[in-house]
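One chain, chain A, appears in both complexes that follow, with chain B as partner in the first and chain C in the second.
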Partner chain A sequence: MTKTYDLAIVGGGIMGCSTALRLAEDGMKTIVLDQGDLGQGASGVNAGTLSLQIKRVKLMPYALKGHSEWEAMGEAVGFKKTGGFTLAFTEHEAELLYERQALKADAGAPITFVSNNALRAAEQNLSHKVLAASYCPEDGYANSSLTGQYYRIRLKENEVQFREKCNVKLITRNSSGFNLTTSCGTVHATRLLLAAGAWLKPIAADLGVDLPVRARVNTVSVTERMPPLISSIVGHATGLLTMKQKSNGAILIGGGWQGQGVPQDGRGNVTAKTLIPNLSLAQHVLPELSNARVTRSWVGFEANVPDFYPLAGALPGIENAFVLGCVRGGYTIGPYMGRLMGDYILGQEPELPLFDPGREFSEV
Partner chain B sequence: MIKTCDVAIIGAGPAGANAGIMAASQGCHTIIIDEQAMPGGQIWRAKSEAIKSAPMTPEIIDGDKLRVSIAESNLTHIANAKVWQIERELDEWVLHFIINGRSEKIGAKVLILATGAREYVQPTPGWTLPGVIGLAGATALMKRDLLTPGKRTVVSGTGPLVFFVASEIRRLGGEVAAIVTPNSRADWLRALPSMSYRTDLLRRGFVWVADLLLAGIPIFWRHAIKQIDGETKVHSVKVSKVSSDWSPKGPARLIEADSVCTGHGLQAASDASQLLGIDVKYQLELGGWVPEVEEDGITKINGLFICGDGAGIRGAAAAEIQGKLAGLSAAKSIRPEVNSSNSTLLNSYRRASRFGMAMTRLSIPRKGFQKLITQETIVCRCESLRRCDIENEIETGAATTNAVKSGSRAGMGPCGGKYCQSTIAKIIADRENQSEEKIAPPTPRPPLRPVSASALSGEFEYTDLQIPKPAPL
Partner chain C sequence: MIRLIPNSANQIKRAEEICFKFDDQLIKAHKGETILVALMKNGIHHLRDAPTDGKPRGAFCCMGLCQECVVAVGGKLVESCETIATDGLIVQSLRH
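== the complex of A and B ==
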């Protein structure tokens, strides 16, 4: 007799794994399936920024909860609360900064505007051309490349089954639930959660559901080890730069500059067209970066839907199937969204509302 | 508008240079980009300007011949240039490279990768001490600058390179304390039939060994360095016997020396091939993971050709011929009127490959060598990770090179994993009870060489940066 799981989760990123951990608390028998290694998609290759200053206003309550989740995970994920500065260099950027950060502060993020003197006292090596800056003491980062290792250990501790390098080829429904044909055998489960990030669309299509999921191709770069240059995380008013210096001295540079490729064809490609301005912007912010050698640049696929709000709830039209993904700022919010999703699957009222995947989507 | 050519070649060693000469001779506008100041690659490396009057060696003579042919051809040679990124734009390749501290680019209809080899150095306790260099690094030092690695050197490693390095050290006035090789005399005897193709090289090899024996330099066959000792630099090495699978056995013997040259075979430098989407397969007899490529340099990607040691370790003689083959294939792909037959070249390529592959077989480390890596031995030099750090990572469930890299940062430093990845793959294979061919290399990413941020960006005005529109509020 083949074992039947209470729930099969397709996708072993932060969303899938954190949902599995929540369900394990209530004794649900869950299995997590990933086409590669756990936490090797967007969850493991993003820049690890935990910044309330770049979260959407409507998602702020979730982001605040997310920050507490990361703080609790602590050293195991390389969590550091450093505080973060966001910088503007032109009048236009300063306006954007004032307008947006004020709204985010209203939504509960402890963001303040700081003088140039205060900025320089905190971070001597930043550009002197800064026109305006905001600060949030809650900001920091975690080490996203530890995501896989972290969840592997946690899933094992909680006796949650997982299969890596397990490609789900086909999902069919039967009277008792779902049959998943995978590269490592057939898996039966009474419920199904799709948490496959940028790969959600083809999987949902298997069940006849058209999810309007697309992917952004975000670029991240890392330098060789440098002497201490910055101690806080640093961003740009447009959100198109994130920068932090890790404890080993390496500087990590992100900001969502677009590489090339689609999830179906592999892992995507870096392109000089966007890498060069990304690194130029970083050098404008931190002039000493020009001496650093870049040792590796990569891209990750960040899934989204037209309104850029999450998909979190029941998969429309399919009983006992759920979907969780497309969370903008998903690294920060993911662990909390997984908890909410778990509550929902267990039939409990989530602490904060979910995001109906069956809603009408309007383009932002 | 960027400069565009018919054929761009990366690497000006025996393969790349010959590919270039061939493509140019077939009427293709050909550009060859190389990291060094002069063509010749690692094997035919030119002497630096300062020492032009030094005596000639066969490598210098062959290299000079090649350099004259290039000078006489229509090839454009771009020297001192590091290619850091290659992209496909519409129907053309775009190569981004650093030259004079700036990033430049050129376009090409077809691209030939002739990126050569890199050396595998077996990690052993003490191998990261100052005074230890690779055999290939030592040859570069001696060919270009006539410098010896130290005053008294232990030369250790596999295949023919140990004997070449030892004899070069002596020629340049250095002292060789001992030669230590896990190969046995019987290994060499078995290789002889495949070597008959190049009696000239065979004869040189005999001369090296005879010279070393006459000088009374001890040759420890079937031995390996078990440990290199010293505080701030090398002061002695411990050498012990190895069994037929090269596991160390028996008591160690102490040899005093201030320097060590050590190397254990070559591996195809296939980073660029992988970056462009060429699949790699594990072929131990070619040095490990090699890109999938035909004998004539053709790959599954239109307009992309690979030749020389970067396609698998077959040695310089085979690389020269495969360079010509790839140059011809490339020319045919853009100039239909080129119809020269390549059958003669193919035959000589196969003969030359047999010789090169016999050398590779002698050079590749056997399984027992892994036992030289103690738990405390550094495996990843850039991040100072020891074997036990890697094993702890595997213990948490990381069963792929990508997962180990994510969890431990092994391979994220300046070398980009060039020094550690095959050792890490062997450790994973060991722990997971898998064969090495099941442990694929990690995802390749740019830059192909570390590049400074300022070289990439060049001079720029903030207002000229094309910053995209911000994310939705």
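== the complex of A and C ==
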């Protein structure tokens, strides 16, 4: 007789794996299925920034909890709490910075505004043209390329089943739950969680549910190893730059500049049109980058819905099916969202409210 | 080991010899060789100092990724494992 799992999770990124780990605490028999390897989508190719300064105000309580989750994961995910500066160079950017960071500070993030002298004392190599700066001591980064390895070990430790390179081809419902036809056989489960990130839309469509999921194509670059230049993570008031120097000297540059491609066609591509302004902005902030060569640039797909809030809850109209994804700042918040999602699936009241995937979406 | 077929090594026809400069040293190479291969054949392994701790570095991956064999050619930084040596080339190490 074929084994029936309590829950099948489609998507082995941060969302899927962290939910599986929460459920394992309560003894639920779960299986995680991923079309590739664990943590190789957005979870594994993002710039690894853990910054409260770039989180949406309404998500701040979740981000604060997310930060503690990463801190607890620690060395295994390359966690570093470095503190972070966000910089403004023009009057307009300074206004933007004051307005946005004040709201985030009200929401509980320990963000303060710092003088130019304090900034220069902390980071000598940043541009001297900075007009205003904010600082958050909680900010830092982790190494996103360790995500898959981390969760693979944790799932094994907790005896959670997972299948990699297992493509879910078809999902059908029957009286006892769900049948998943996959490239590694049929999987039966009484419950289903879709946590497939940028690939959520076609999978939900299998069940006749139209999720308004789109994907951003975020660009990340890494330079060759450089002498120590910055010790904190650095961002820009517009949100168009994130930068950090890893302990080996390489500098990682992000900021959400858009490459090309769609998730259905594979990995996506970097384009010069957006890469050049991304790197120019980085060099404007850290002039020494003019001596650095970029060794690699790549893109990753970040899923979102029109209101840019998460999908976290019951899949509309399908009993015993759930969806988790589209969490803006999902790298930071993901491990905590998975915990909440796990509580919800177990029929327990989550510590913080989830985000109904069946809500009306309005464009922001 | 017993050689079962005749040693043909001396019959290999090398490409014409060229010469380039590495710091203050003249390096002989054969046309078509990379800068790195020519340097290693001449016993030169220390190509740069690590940007972090200043310790000596040289070729590691030999496929253009690790950046440890980077040298300066005409003021431009290039991976010596990926750059073909040409006659009269001026190559500088990144040793401090």
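Going forward, the second predicted complex is superposed on the first by the 364 of 364 C-alpha atoms of A that agree within 3 Å, B and C clash if a C-alpha of one lies under 4 Å from a C-alpha of the other, contacts with A are read in each partner's own complex, and residues count from 1 in each chain.
In the analysis below, a contact is a pair of C-beta atoms (placed from the backbone, for glycine too) under 8 Å apart; a residue touches a chain by one contact, two chains touch by 3 or more.
Not measured: the values here are computed from a predicted model.
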Discussion item. Both complexes share chain A, so when I overlay them there, do chain B and chain C fit or clash?
Written reply: clash
Discussion item. Let me test your reading of the model: by the given contact rule, A:E164 touches which partner, first (chain B), second (chain C), both or neither?
Written reply: first
Worksheet item: Of the two partner chains, chain B (first) and chain C (second), which one does A:L200 touch, if any: first, second, both, or neither?
Response: neither
Discussion item. If we overlay the two complexes on their shared chain A, which of chain B and chain C does A:T295 touch? Say first, second, both or neither.
Written reply: both
Practice prompt. Could you look at A:N269 and tell me whether it touches chain B, chain C, both or neither (first, second, both, neither)?
Written response: first
Practice prompt. Considering only touches as defined above, state whether A:S280 meets chain B (first), chain C (second), both or neither.
Written response: first
Fill in: Which superposed partner A:L96 touches (first chain B, second chain C, both, neither)
first
Discussion item. With both complexes overlaid on chain A, does A:A107 touch chain B (first), chain C (second), both or neither?
Written reply: neither
Discussion item. Between chain C and chain B, which one touches more residues of chain A when both complexes sit on the common chain A?
Written reply: B
Practice prompt. Scan A:I9 for contacts with chain B and chain C and give back first, second, both or neither.
Written response: neither
Worksheet item: Thinking of the overlay built on chain A, is A:M226 touched by chain B (first), by chain C (second), by both, or by neither?
Response: second
Practice prompt. With chain C in view, single out which of the stretches 26-34, 206-214 or 350-358 of chain B clashes with it after superposition.
Written response: 206-214
Discussion item. Show me the chain A residues, by the header's touch rule, that chain B contacts in one structure and chain C contacts in the other.
Written reply: 224-225, 248, 293, 295
Discussion item. Using the touch definition from the top, list the residues of chain C that touch chain A in their complex.
Written reply: 50-52, 65, 67, 70, 77
Discussion item. Give the list of chain B residues in touch with chain A in this complex.
Written reply: 85, 87, 94, 96, 103, 105, 277, 383, 393, 396-400, 402-403, 405-407, 409, 412-414, 416, 443, 445-447, 450-454, 456-457, 460, 462-463, 465-473
Practice prompt. Name, in rising order, each residue of chain A that touches chain C in their complex.
Written response: 224-228, 248-249, 293, 295
Practice prompt. Over in the complex, which chain A residues touch chain B? Could you list them?
Written response: 36-40, 44, 54, 56-57, 89-90, 96, 100, 103, 129, 145-149, 152-153, 156, 164-165, 222-225, 236-240, 248, 250, 256-258, 266-267, 269-272, 275-277, 279-284, 289-298, 308, 328, 364
